[in-house]
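The two complexes that follow have chain A in common; it is paired with chain B in the first and with chain C in the second.
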Partner chain A sequence: MKKLITVFSLLIATLLSSNWVSAAANLDVNTPAITAIKNSMQARHNQLNPHYNTGAVGFTADGLVAVRDATAVPLKDRGGINSLVAAENSDRSALYKEIAAGNGHPEWAGEIRSTFAGRWVDKAQSGWYYQNAGTWVKK
Partner chain B sequence: MSFAQQATAISSIQIIVSEVDAPVGQLKNAKFHVDLKGAQPKLILNADLKPMSEKAFAHFDLKCGQFFTEKIGQAQCLNGQFKSKQISAPFSVIFVSYPSEFALDIDFNGANFSDEAGLHAGEKLTGQIKMAAKKPISTDTWAWNGLISWTAGELYWQPFYFGKADNAFEIDGTFKQDIINVQQASLLVNEVGKMQATATINIKTKIVEDVKVNAKDVDFTGLYALFLKPMAEKSAFGNMNVSGKADWQFEIKNLAPTSFELNLHDATIEDKNGKFGFSHINAHIPWDYDEPKQLQLAYESGHLLKIGLRQTNLTAEINRFSLTAPKLDLPVLDGALSLSDVSAVRLGDNWAWHLRMNLVPITLNEFSKALGWPEMKGQISGQIPLVTYANKQLNMDGAMNFNAFNGSISMNDLIIDDPLGVAPRLYADLKMRNLDLGDLTRTFSFGAIEGKLDGVVKDMVLENWKPVQLDASIQTSKGRHLKKISQRAVENITALGGEGTAVALQRTFLRFFKEFNYEKIGLSCKLRQDICEMGGVESTPNGYIIVKGKGIPAVNVNGYTQKVSLRDLLGRVKRITDSNTKVIVN
Partner chain C sequence: MIKKIGIIGILILLIPGCVTINIYFPAAAAEKAADKIIDEVWQLKPGEEPPVQPANAPTK
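What follows is the complex of A and B.
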């Protein structure tokens, strides 16, 4: 009996694993909240883009961005870089939450976040930085 | 130590020191080379330096194109160049030193420096540092004064950024064992104005312990950009365009703020995302850790989330981390929000507040114009016993009433999540009574319908002010009243449901009638995301009845599509109301 329960738990765990969720979730679901967040991120992208290019800011393994090297930020932008990154991360976290909610499964937010983490790295231009196993890698 | 000496005359002196320990730091691998061959002596110094406050040694190279030490106690280094990992500075220096007295005069030209983390950095700086210090023999306290000024380059000193040159800081102070006491600093900051400051700095911990800054009648644009914005970065006020004049002072004791004051004179602020803005602000915003202060704020006009605000004078009491006011009148559009028992408290980085609200009637005409809606007649009024805001959520207990279209609309249980955020979410229930369909159809140019409507909207959710969920139904009000619907309205309602009936109507004798009597009209929509599940006043085997006719000739308008995309439906409504001048049936 105990063995049977173990097998059953394994089966459930497999069903709930990331592949299954990613396959089922519609990452391109659209709601007014998602549109608003995407617009906000789009507007900010022009400010972040030069910092991706210089390697000042890079993509983290959990689908966010982080300051990698503040000395690469021009002095005039250096004071604002942390709040720029914080605002971007607040939008990104909200986006993952809203996409999960838009799929009718708020509990998928974590999986959607890690799927996006991979997507950001795939979409990154060469020369941009991303985190892999705790270290920064230049694409 | 070694001397390199040629046979005839001394042409150069080289001193190598393996290690020097001094109270201010350590020096090792120092190579000191004086070249006497040219017309003027040159000096080269290479060494590893570890100032007392640093953890590791850092290598530096120092060269003097012209080096003079002719007078006792004086050294001059002209055409100098200092290079280390973090500093690159062409400079000239004159150093005068006697027992218990020294003076230092440095000119730098295009200097760059940065600390490891980039939190303190300068680029292409050209300017001077002058410093003189004296220690009376009987004491152990140095009295000093200094001048730092630069005419070119930029400086970032976290969190402040000096983008414009032509700044001059004059400082008088004392120094006694680890503590620098700035007794009087006069800071002339480009694009801001003149500021005064005092400070206590512990050089061992590198902590500025006590600071007092005072600026009178300075430029608010520069003051905001340079000093206030970096400190307000996380708040709603961190991303604005501002102008005007300001007085500003603050005091920090033992690392904790003890007082603050900001006076604004004819200032204007405008959120860069357009969420709010105020013009011709005159304000006195004081704050003291120990005693309550009176805040005064006046503006000539403003806007908040597109809603216009008129001239306003506010006063409130600030007591440490709370703000209270028995009454605040906010003129809004052509009415007002009369707020009472206002109480706000700062919790961490956020504010929480509650108040009572009385809406002095605002005409719907103004309100609808402000939101870019079709112009409506009527007014909004209401008394809300309690409005609370906490954790970025606004809650309203009680009802807000809109008197519109000769009837009434009441809104209950209003909640708005993150009203100033990227994606605000609004929850509310609505009830509508006796709306005059004549007024309503004229407002939206829909084709005339006479009659009255009742309705309910339950569990309404708006995301970024757009509906994503609701259970709505409207139907003809009970009681006796005129119930007539025009040919055009019939066509339009039919067109909402899609192709078919409208065309059929035109081909029959019914097109000779301008209007029809009806028994009841009704429509319901259960909206989930973009899909609206439609219903009418009655169900039929393959759809629902929207208009149920009465008498002869009687026209029924039926709907067949059960599930409609809200985007498509609104698109059709827009096309119909936009083509209001076209007469489809004569």
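What follows is the complex of A and C.
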């Protein structure tokens, strides 16, 4: 009898937990805030793309971008590179926060950031640079 | 008997709690969401790496 009750309670416990887990199976990425950030980043990509190609800008391990080699930036763009990178990073940080908050879990922002960090690098073009254990690596 | 029911009740509350904490963050869903956003920001076709750009620097 005791065994039966234990098994039954475990069964209920499993059912309950699996329900809670499946409730979080998808992340909504279509909130107005996320869409606005996405559009802003998409527009900026045309400016950042050449810098990825030359290795002037690379991807950090925390899901951001950083100036890797300012001398690879054409002189005429050199003054603007830091503000370009800063603008991209503020959008990226806001994006990670908004995805977490938009799905009701602001505490997920850190994990979303590290998920993105991996995916940016995975999807990066070969020849682009990313940071791995503190050093720059050419993909 | 009441004590036993109490213990089982606590188990029912605690066990899903543990499971939920362990797999709390939906990693697969997060990857999917990341891929979707990156594809849009970089204007890639889903599941593709960006094409290697030929030397088509914008003409002034």
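Criterion: the second predicted complex is superposed on the first by the 111 of 139 C-alpha atoms of A that agree within 3 Å, B and C clash if a C-alpha of one lies under 4 Å from a C-alpha of the other, contacts with A are read in each partner's own complex, and residues count from 1 in each chain.
We take it that a residue touches a chain if its C-beta (ideal position, glycine included) is under 8 Å from a C-beta of that chain, and two chains touch if they have at least 3 such contacts.
Owing to the predicted nature of the structure, the values given are computational and were not obtained by experimental measurement.
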Using the superposition on chain A described above, determine whether A:Val137 touches chain B (first), chain C (second), both, or neither. neither
Counting only touches as set out at the top, which of chain B and chain C does A:Gln125 meet: first, second, both, neither? second
For A:Ala86, is the partner it touches chain B (first), chain C (second), both, or none of the two (neither)? first
Residues of chain A touched: more by chain B or chain C? C
Can A:Gly102 be said to touch chain B (first), chain C (second), both, or neither? first
Check chain A for residues that touch chain B in one structure and chain C in the other, and list them. 34
Give every residue of chain B touching chain A within the complex, in rising order. 114, 117-119, 121-123, 154-156, 158-161, 163, 230, 233-234, 238, 422-423, 425, 462-466, 468, 529
Provide the residue numbers of chain A that touch chain C in the complex, in ascending order. 2, 5-6, 9-10, 12-14, 16-17, 20-21, 24-27, 29, 34, 38, 41-42, 45, 49, 53, 95, 99, 108, 111-112, 115-116, 119-120, 123-127
Of all residues in chain A, those that touch chain B in their complex: 31-37, 40, 69-71, 73, 75-76, 78-80, 82-83, 86, 90-91, 94, 98, 102
Considering the complex alone, what residue numbers of chain C touch chain A? 4, 8, 11-12, 15-16, 19-20, 23-27, 29-44, 49-50, 52-53
